[in-house]
Amino acid sequence: MRQIETVALEDARRVIAAGEQKAREIGSPSNVAVVDAGGNLVAHIRMDDAWMGSIDISINKAFTARAFDTSTADLAKNAQPGDQFYGISDSNHGRVMIFAGGVPLRGSNGNVVGGVGVSGGTGDQDQAVAEAAGAAF
Amino acid sequence: MRQIETVALEDARRVIAAGEQKAREIGSPSNVAVVDAGGNLVAHIRMDDAWMGSIDISINKAFTARAFDTSTADLAKNAQPGDQFYGISDSNHGRVMIFAGGVPLRGSNGNVVGGVGVSGGTGDQDQAVAEAAGAAF
Amino acid sequence: MRQIETVALEDARRVIAAGEQKAREIGSPSNVAVVDAGGNLVAHIRMDDAWMGSIDISINKAFTARAFDTSTADLAKNAQPGDQFYGISDSNHGRVMIFAGGVPLRGSNGNVVGGVGVSGGTGDQDQAVAEAAGAAF
Amino acid sequence: MRQIETVALEDARRVIAAGEQKAREIGSPSNVAVVDAGGNLVAHIRMDDAWMGSIDISINKAFTARAFDTSTADLAKNAQPGDQFYGISDSNHGRVMIFAGGVPLRGSNGNVVGGVGVSGGTGDQDQAVAEAAGAAF
């Protein structure tokens, strides 16, 4: 049997609060989602006026960051036409997002134990919000 | 053009907090989700130890309550074999939930402007949590 | 090669207008959809305040009426547990609706050449609107 | 609770009529669809001889324009290989269209309150029809 760490609801709320604050600071109304070690949703918020189409994207960015233990920005670099992971976004029933805004959450030993996904702005904005969110974990 | 009311994030948080408190009181770790007038997710939480399979169900119960302006418990009464809406759960790509735990949220004029969905316990428990949540709207 | 009749846009509009008028008369804000001989959508309307979850249902009722050349109310009688078509609603990727509100549209020789689907009220209301709509074809 | 504007059926009909007229002028039989503030279909028409495969595309272009508060032509510019939103069309269960023909509908304060989507011709034709349609809102 294995012991693993994962994300508690109170962790997710802290992560989301930090993301929300950053989103307000940079004026980018966002969806922020957190998944646990199993890649399953722990919590999600859509700030007022954030894009509706970004609900799904935020949840999927968080999933992707945990599913492959990587930021979606890094995955993007390997998922372009001709790259080693080109086509990965066709897997997992459309849940793999290959653009910036998803960041893994790391546990006490550095292992990935969850993910946070942000969607609502440009790639740079989403990434900034996701990093601020993840830093609060 | 029409003016309508919908659910703000702060409303969704108040609704979720009330549901969470009720869930603790009755010892039923729950997923609680809130959708807006368009049936789109505003916020979701999964309490620690709540069923993972209930993430989707809570979101879909909230959707269903708004999609048909009814509680899912009432819809259930009309969706059994031989009933007038039997088969409705095959529509909307699997998003229609026909058991208790989804409650519509009503605006200032009594119109439905959103929905809350709860999943994690028995039908009675989910319904109790959803009603407590909805009452905070 | 075969000659077939099908539904023109102007036919669909006439059918929808008749359904809309009936829906107003009986106070049942409805979705009304018309499909052609290929079962493909020609036109759809959602009246103000009609159920959002009924968009999909109206289109699927119209599809079903054409797909099996029958009213969905008649199909319902054969699609209950134990009946000869029980389970038919699992086919066609969730597009088969087995409750009242879908009516076939018949061409000059009595053949089915399209369908109209109505959703937004009780089974009886949807059926009444669909019949009024279909009669205008 | 928030007050928002959305698209009424009569608005959708006016938008569709303007699109239909433009489509006739340029000889491009089209599907024209309108969604409301929640991204949900209000009305759709398929002109005689318009592509059958464009039913879905027109509805999804309208959805996309509202889901991300942008024209699909503008989104397309950011969704090519190497761009910041490359892969966005894998989200939202295949509903995100990243080519021309979807235009947001703006309310009295400039906010996006719906969308119109057109499909049936070339990108330029679809865009011309969508713009003519949207201008009638």
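Things to note:
A, B, C and D are the chain letters, set down in written order, and residue numbers restart from 1 in every chain.
One rule holds in what follows: a residue touches a chain if its C-beta (ideal position, glycine included) is under 8 Å from a C-beta of that chain, and two chains touch if they have at least 3 such contacts.
As the structure is a computational prediction, the values presented were derived from the model and not from experiment.
Where touching is counted per the definition, the chains common to chain A and chain D are B.
Because chain B and chain C share one sequence, their contact can be compared position by position; here under half of the interface residue numbers appear on both sides.
Work out the mean CA point of chain B and of chain C, and you get 29 Å between them. Separating the centre of chain A from that of chain C, both taken as means of CA atoms, is a distance of 42 Å.
Measuring from the averaged C-alpha position of chain A to that of chain B gives a distance of 25 Å. Listed for chain B are residues 2, 8, 38-40, 93, each touching two or more other chains.
Shown here, the protein chains touch in an arrangement that is not a line, ring, star or fully connected set. Contact between chains, per the stated criterion, is found for A-B, A-D, B-C, B-D, C-D. Those residues of chain D lying in contact with chain C across their complex are 8-9, 12-13, 38, 40-48, 52, 55.
The touching residues of chain B, when paired with chain D in their complex, are 1-8, 11, 36-40, 93, 107-108, 113. The touching residues of chain B, when paired with chain C in their complex, are 2, 38-39, 63-64, 66-69, 81-82, 84-88, 90-94, 96, 111.
Here chain C touches chain B in the complex through residues 48-49, 51-54, 56-57, 60, 76, 79-81, 89-90, 94, 96-100, 122-124, going by the rule given at the top.
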